[in-house]
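Note that subunit A is present in both complexes that follow, paired respectively with subunit B and with subunit C.
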Partner chain A sequence: MASDTLSLKIEFGGGLELLFSNIRSHKITLPHLVPIDNSMDGTSHVPSSSTPPSATDGDKPIKTKPADVTYLMHYLRDNLLKERAELFMENGTVRPGILVLINDTDWELEGEGEYELKDGDEIVFISTLHGG
Partner chain B sequence: MSSCGNPATEVDALMPRRLKFDRSKDCVRCKEKPGNIVIRHAVYCKDCFTPLVNMKFRKVLQPCINKTISSSRRSKVKADGNLLISCSGGLGSSVLLDLVHRSYFSNRPPMGEDGKPLGGKDHPRNETVWKSAAVCYVEICNAYPEMRDRTEDVRAVVESYPGFEFIPIRLENAFDASWWESLGCRLHDKQFAVNFSDEGLPLSSLSTPTSNSTPLEGLRGYLTSLPTQTAIFSAIKTLVRVLTMYTARRTRSSHLLLGTSLTSLSVSLISSISQGGGYALREELQEEWSSEHDDNTELKDMLNSVRVVRPLRDIVMKECAAYARWNNVKVVGREKLSGANHGIGGLTKDFIVGLERDYPSTVSTIARTCAKLAPKDNPDGICLLCQRPRQKGIQEWKTRISIRSYDDAKLASDSHIPAHAHPSAETDQCCSRRIFPSSFTPYLCYFCHTTLTSRSSRSGKLFTLSKGNASNHTTVSLPGYVSAGLSNLGPGGDQVYPAGGKEIGEMEIWERKKTSLADMKGTVAEFLLDD
Partner chain C sequence: MAPASCALCKMSKAILKRPKTGQQICKDCFFYVFETEVHHTITTAKLFKQGDKVAIGASGGKDSTVLAHVMKTLNDRYQYGLELFLLSIDEGITGYRDDSLETVKRNQQQYDMPLKILSYDELYGWTMDAIVSQIGKKNNCTFCGVFRRQALDRGAAMLDVDHIVTGHNADDIAETVLMNIMRGDIARLGRCTMICTQGEDTIKRSKPFKYAYEKEIVMYAYFKKLDYFSTECIYSPDAYRGHARAFLKDLEAARPSAIIDIIHSGEAFEVREEVKAAQKTQQTCIRCGYMSSNELCKACTLLEGLERGMANSAITERARKKMEASGPAPNNMRSIPFFQSSQPILAVEAPS
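For the complex of A and B:
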């Protein structure tokens, strides 16, 4: 049986690390199944946690999906980002000018935000914009 | 999705988005390996990508190295002087450093035991395209209160490339008379100050050679007196460019390389056009610069001009980012400043970067289209501030097409109307022609004049860099090279003084003043026919 959690390596470059406590490389653990609306409810907010998501919210069942890059971006924004979220995300996706590489491959070749994350994936976010 | 209409009312207003890549996910070059990156709908693998970037870089730079620009592959490539690379610590210039080093300086000849190249330095094998290379970094942290000094970070990056000399400069050097003198700029012991609150930009001369203010105070006074955020960003960009060009001159460089990528070039072009810089559009792409008021005759004899080249002009930012990642290029970077997006430059950048993501091919169209444009008339001279060609008759044209004054007292009392348009403004409305320049306006291009004088209609307040940092002075000192340019002006306006030129007191002074209706009638009264 597959594990309920995914271990991921996240890297920031091109100055984007300045928004994430100036730390370039992060290791995080995400649940395999996440809320379909990318909300953080029912999932662990603490990096490296292996707590699986709760499948219910009181009496209402939460609709879930396999964890994808869009969820990862929301997770990073809500848990690791320290300042100025508008410089990382815009209109539910990554801000224009940020290159995303999934296992060293352009995310445009992998289905962009819909790419389903796998255990051990390496996701890199590089800002191509310099200053203001 | 970017729109090309109003999607709320028009169903077909949204431009249909193309697929991100054509055909398959395999590399279009080797056709074997799975692709790693999509560049303008074409897929490339990691192995083919780096040679592709290298090829695009050399394709632009190689024909510009010899004095005569030639695309012939047979001619021997040899530069007239040294090389200066401008580095901001950003992605483009970091990639440029790496590419230049790999292409022209990494294959240094084998050294003998004595540390000298085997076969002697004059051996044809040991000849390099440029004799030496230096990297110039202009630190702009003193222009923004929240910015960190990154000189040492950039130094560490530059020193990781053997053979590159590091030349750090500070933005405030532009206001340091002794710095300019050390570069061979003749200031004639004079510094000029200008009043930005008056559209005529009246000049005054500072009595002491270096004035009492420090270069840093001079810089801050100059920037805080500018009318808009757009003007501040443009002024900093111009100062950085001019400081770098003069440094190229000092280092006897025949070539100055800038790390402007296709994306940033498109941003610069659109931003420059929207600020009134259309006349010097060709210079935004490539320029040959020579200082007109250079006192250093040795340099003058040796070098005709500095050729400013942007070798990354066919490479988009995405390619730069991937190149840096896959070739371990260290990028210093810079934090995005709060409020930076409110200027025309910031807004244009946001627009172009968004456009590049949604429709990648359109960004190259901007640069290609601009490369076909040329000004209709020959220039009137060189703008003393930006050192680029100046169009003829700008002020006459401005006077013709815009409202310069209001007769209606109600309208004139409106606080949004600029000071020069008030009926009480008795000062000269246009240029004053004096042998000693009384006004800065005639020596500025349209772009610079607009930058210095155009106020935002929404706020009459000056943009302040930080709380309590606004300048209370109405006149601010001008950068050293501008003072040198003004000092060298002769009676013709643009000619250089002969040695021992006339003193101000001996010179003829022409002024144009607004005359009242009654005065005009009085002057021609004897010629008027009776009613």
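For the complex of A and C:
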């Protein structure tokens, strides 16, 4: 395996960047395999660590899945978001009215949250809810 | 997932799923169908005629920015023969409107259209910042809405245009239909879905994006890399509209056609409303000449309340009676310059 991490480019627009320190463009690194329940356990220290993909937490193995967009949203909420999480996520997905593009394609054509992230992917989140 | 090819040209990779139809289409086909549908909306409703002077109500936000771009594109492509202007209202909100006006000024350069900015301060002698510092954040949207409506008409009169187009989209209209239903406001329900409205002596107003989904407007702006401003108004506590919007977005997530369906419902109500059109007859405001359903127009009533330190006078009946009981308006009170729709209004001096 070449690498067990993914480098991603994240963009926020349409006012959504205000929830993320008013920074539109972010570069992040995610592990290839992530907890199936999208929890951050065992991943907060991952970028630099050499923890094997099927890490164990004490003697309890954590079930993993390939990192997908749903995991990415949880990661962004728990690590980059600075305020009002309810304006970003609702019921385990983006709040209705937020558009998601995966490599400049509507995520509805790419499997939405189930899309498996690849190294170098560019994910854009745009709020449609601000101002006319 | 294998990338689907475009349902229209069958050649390029699809980049968008249309909320209205579910069709998966490529970028070029998307631009083309989006623009063509707006063109059809315009021609079906016969909104313009050759030589019309049209002001685009421009806030710097996504809808009016995309509208300016599309109006220019269609005017060139189909030779509408329109003279286009940008008209912006400066409510005087520091950190919000001053920033978005910068966007409008860039649009003026990009689209090569004359721009007129009319401020509340210039017209009413009050900025929204000053209003909020007097009345607080509770009813300020009432002031802003009434003042903006009249300011747009007056700005249009100054530009001597025949018509104002605004960026209201299908989502906005569906949201307003829902709000009017929830409030039981049947008279407004029919009116809010009309594509074009015209009062006795006011300028025509219309909504070329009446059938355009917000999702497509935002996608259009994104793919065309249009420059727009997207910050929430700092004084906007319109919780009711916020709830209506959240509800509509939930409906749309379950069934994308919900937005158009709601607009069609609103239009269906309109027919029956004409049967019992028992609305107040329009007259002109005795103080400022603007159209009104009472002796004083709403803006003059609100302004008088502000000037006399009784800002609730136009919000509640009780407060209005109290103000009337406290005597006539003082002579030295600031008022709005007289409105004459046929000729440009002279510049207004802002009393200090």
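Here is the rule we go by: the second predicted complex is superposed on the first by the 119 of 132 C-alpha atoms of A that agree within 3 Å, B and C clash if a C-alpha of one lies under 4 Å from a C-alpha of the other, contacts with A are read in each partner's own complex, and residues count from 1 in each chain.
Here, a residue touches a chain if its C-beta (ideal position, glycine included) is under 8 Å from a C-beta of that chain, and two chains touch if they have at least 3 such contacts.
Remember, predicted model here, so these are calculated numbers, not experimental data.
J.: Looking at A:13, would you say it contacts subunit B, subunit C, both, or neither? Reply first, second, both or neither.
T.: both
J.: Give one of first, second, both or neither to describe whether A:97 is in contact with subunit B, with subunit C, with both, or with none.
T.: A:97: touches subunit B and subunit C.
J.: In the superposed arrangement, which partner chain does A:115 touch: subunit B (first), subunit C (second), both, or neither?
T.: It touches subunit C, and subunit B stays clear.
J.: Where on subunit A do the contacts with subunit B and the contacts with subunit C coincide?
T.: Shared contact residues on subunit A (touching subunit B in one complex, subunit C in the other): 13-15, 18, 96-97, 99, 101, 104-106, 108-109, 124, 126-132.
J.: Which residues of subunit C touch subunit A in the complex?
T.: Against subunit A, subunit C makes touches at 1, 3-4, 13-17, 24, 59, 61-64, 100, 167-169, 171-172, 214-215, 217-219, 222-223, 229-233, 245-246, 249-250, 252-253.
J.: Which positions of subunit A touch subunit B when the two form their complex?
T.: Touch residues, subunit A against subunit B: 13-15, 18, 84, 87, 96-97, 99, 101, 104-106, 108-109, 112, 124, 126-132.
J.: Subunit A touches which residues of subunit B in the complex?
T.: Touching subunit A from subunit B are residues 20-21, 25, 34-38, 43, 46, 88-92, 263, 317-318, 320-322, 324-326, 331, 333-337, 340-341, 346, 349-350, 353-354, 356-357.
J.: With touch defined as at the start, can you tell me which subunit A residues reach subunit C in the complex?
T.: By the definition above, subunit A touches subunit C via 13-15, 18, 95-97, 99, 101, 104-106, 108-111, 115, 124, 126-132.
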